[in-house]
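Look at the two complexes coming up: subunit A is in both, with subunit B in one and subunit C in the other.
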Partner chain A sequence: MNGIHDVGGEHGFGAVTTEANEPVFHGQWERDVFSVIGIYFAAGLCPLDEFRHSIEVMDPAEYLSTPYYVHWLRAAENLAFWNGLFTPEELQARIEEIEAHEKRESA
Partner chain B sequence: MDQITRSDGYTQPPPYVALRIKAIQSLLVEKGLVAQDALDEVVDIYENRIGPKDGAAVIARAWVEPEFKARLLEDGIGTLAELGMTGFEGAHVLFVENTDQVHNVVVCTLCSCYPWAVLGLPPAWYKAPQYRSRVVLEPRKVLAEFGTTVPSEKEIRVWDSTAEIRYIVIPQRPSGTEGLSVDQLAELVNRDSMIGTRFATPYEGAAA
Partner chain C sequence: MRLLQANEVYDAIRTPTNFTREETEPPRFTVGQEVVVRNLNPRGHTRLPRYAKGRVGVIERHHGCFVFPDTMAHGKGPHPQHLYNVRFTLTELFGDHDGNAADTVYIDMWESYLDPVTS
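Then we have the complex of A and B:
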């Protein structure tokens, strides 16, 4: 599938940014996303072609404007829906639950 | 204008991300699909146990044992399997050697394929569209930005990884290192030299 992820040879992305002594993860959210995909891999829910597809169906504008592990977040969601781990409705309900809890905690 | 995107891989997440991934973990644990310990274990493996030092040990051994190097070049995946470094199912690892005539550099233009079992997780720049788009178009210029000047008479070969084939560069052994042990040599094999964006670290004890 040709798509927004297929950037080889494209112009206009700008300079490569490197970081001295780069840590493996840049924040807890990256660890959390990685751990879920890691488990999917271990459980066989993530054949590489399916994993790539789960990223390549992302909204192109979001794909280009977000850090790498946001791509994996979308994969974690899509692969869960496709494999029947949970539904979009369950996820939305859980997000609202956690958000409400966090608001109460900080109030 | 230095950059037009914020997708360089290590910016802060959009506000929705932390919450969504917490919700996913919570659902998986609650449904009994995953144990919290297993989530922590996966992170620990790639944050603390597997990394570029593993690949560096392989390269240093290749520098001192010609037969081992020949085997690596001939059958990378089999040789790594003997060392317990097995990658994803079905993913082949191909070693490519830098010489006086050829400099090799590795990319994954479509996403982020990388030899995890040997080098750990890739750096953020490897996964960013800036590197992926440009290194196939103007490799000499991109390498120069890493401080890596490849002489114009030397050929540059760019290897585009796929889900089936990943590449590791065998950098040239620095001069003046004839007396060093394999462990000392491994210290000179930096991560980027196995991707090909840098050379192996020069040996400070070498005669100028």
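Then we have the complex of A and C:
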């Protein structure tokens, strides 16, 4: 697909920035996302090319403005939808459930 | 989907996937041959970069037969094809550009991305 991922030859993105002493993960959530995709691969849920495509279909603005592991998070969600693990509605309901729980905890 | 037991996960992750396949058809192109990239715009996944469409390159290497990502990405099977490494000059890809005129780009391309250059 002619998607936002196909940036070869594009101008205007500036230099590639590098981080001194870059850690493998920047937070626990990145570890979690990495692990989930690892399990997906092992379980045959996402052949490599299906994994790539599940990132290509991201919202273009979000694709350009989010860190690497957000792309993997969207892959984990899209592959789950496509494989019938859960629906977008079920995911949203679970997010709201967790948010409500956290709100109660902090109240 | 495969159901994994906890003690199977580590081996399953570490086992590399083999993407090569036996050749059933002879390759359509030979090393050194000029090819033109087809102007394909599939709605689904492809490994064909936009900037190479319609450009002329030279077959640098024949890798053998590999599963086809454009079908694999959509659960439509491996449909193996010959895979080539194709050499393009930067001038062919980007015309009058800021870079060195001698610079080249090498792209791995499946056979169905390419047509022969007829002269």
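Convention: the second predicted complex is superposed on the first by the 107 of 107 C-alpha atoms of A that agree within 3 Å, B and C clash if a C-alpha of one lies under 4 Å from a C-alpha of the other, contacts with A are read in each partner's own complex, and residues count from 1 in each chain.
Note that a residue touches a chain if its C-beta (ideal position, glycine included) is under 8 Å from a C-beta of that chain, and two chains touch if they have at least 3 such contacts.
Keep in mind that this is a model prediction, so the values were computed, not measured.
Undergrad: Would you check which partner chain A:H11 touches, where first means subunit B only, second means subunit C only, and both and neither mean what they say?
TA: first
Undergrad: Given the touch rule stated above, what does A:V24 touch, subunit B (first), subunit C (second), both, or neither?
TA: In the superposition, A:V24 touches subunit B alone.
Undergrad: Please work out whether A:A42 is in contact with subunit B alone, subunit C alone, both, or neither, and reply first, second, both or neither.
TA: both
Undergrad: Regarding the shared-chain residue A:E105, is it in contact with subunit B (first), subunit C (second), both, or neither?
TA: Neither partner.
Undergrad: For A:R94, select first, second, both or neither according to whether it touches subunit B, subunit C, the two together, or no partner.
TA: first
Undergrad: For A:E50, using the defined touch cut-off, is the partner it touches subunit B, subunit C, both, or neither? Pick first, second, both or neither.
TA: second
Undergrad: Comparing subunit B against subunit C, which has contacts with more of the residues in subunit A?
TA: Tallying touched residues of subunit A, the top partner is B.
Undergrad: After the superposition on A, what does A:N2 contact: first (subunit B), second (subunit C), both or neither?
TA: Once the two structures are laid over each other on A, A:N2 reaches subunit C alone.
Undergrad: What residues on subunit A does subunit C touch that subunit B touches too?
TA: 6, 8-9, 38-39, 41-42, 48-49, 52
Undergrad: Under the stated contact criterion, what part of subunit B meets subunit A in this complex?
TA: My answer: residues 1-14, 17-28, 31, 33-34, 38-40, 42-43, 45-47, 51, 88, 90-91, 107, 109-112, 120-121, 123-125, 127-134, 136-137, 142, 145-146, 160, 163.
Undergrad: If you look only at subunit C, which of its residues touch subunit A in the complex?
TA: On the subunit C side, the touching residues are 1-4, 8-9, 12-13, 17, 41-46, 49-51, 69-70, 72-75, 93-94.
Undergrad: Please give the residue numbers of subunit A that touch subunit B in the complex, ascending.
TA: 5-19, 22, 24-36, 38-39, 41-42, 48-49, 52, 55, 63-71, 73, 76-77, 80, 85-86, 90-91, 94-95, 97-99
Undergrad: Across the complex, what residues on subunit A touch subunit C?
TA: Residues in contact with subunit C: 1-2, 6, 8-9, 38-39, 41-45, 47-50, 52-53, 56, 83.
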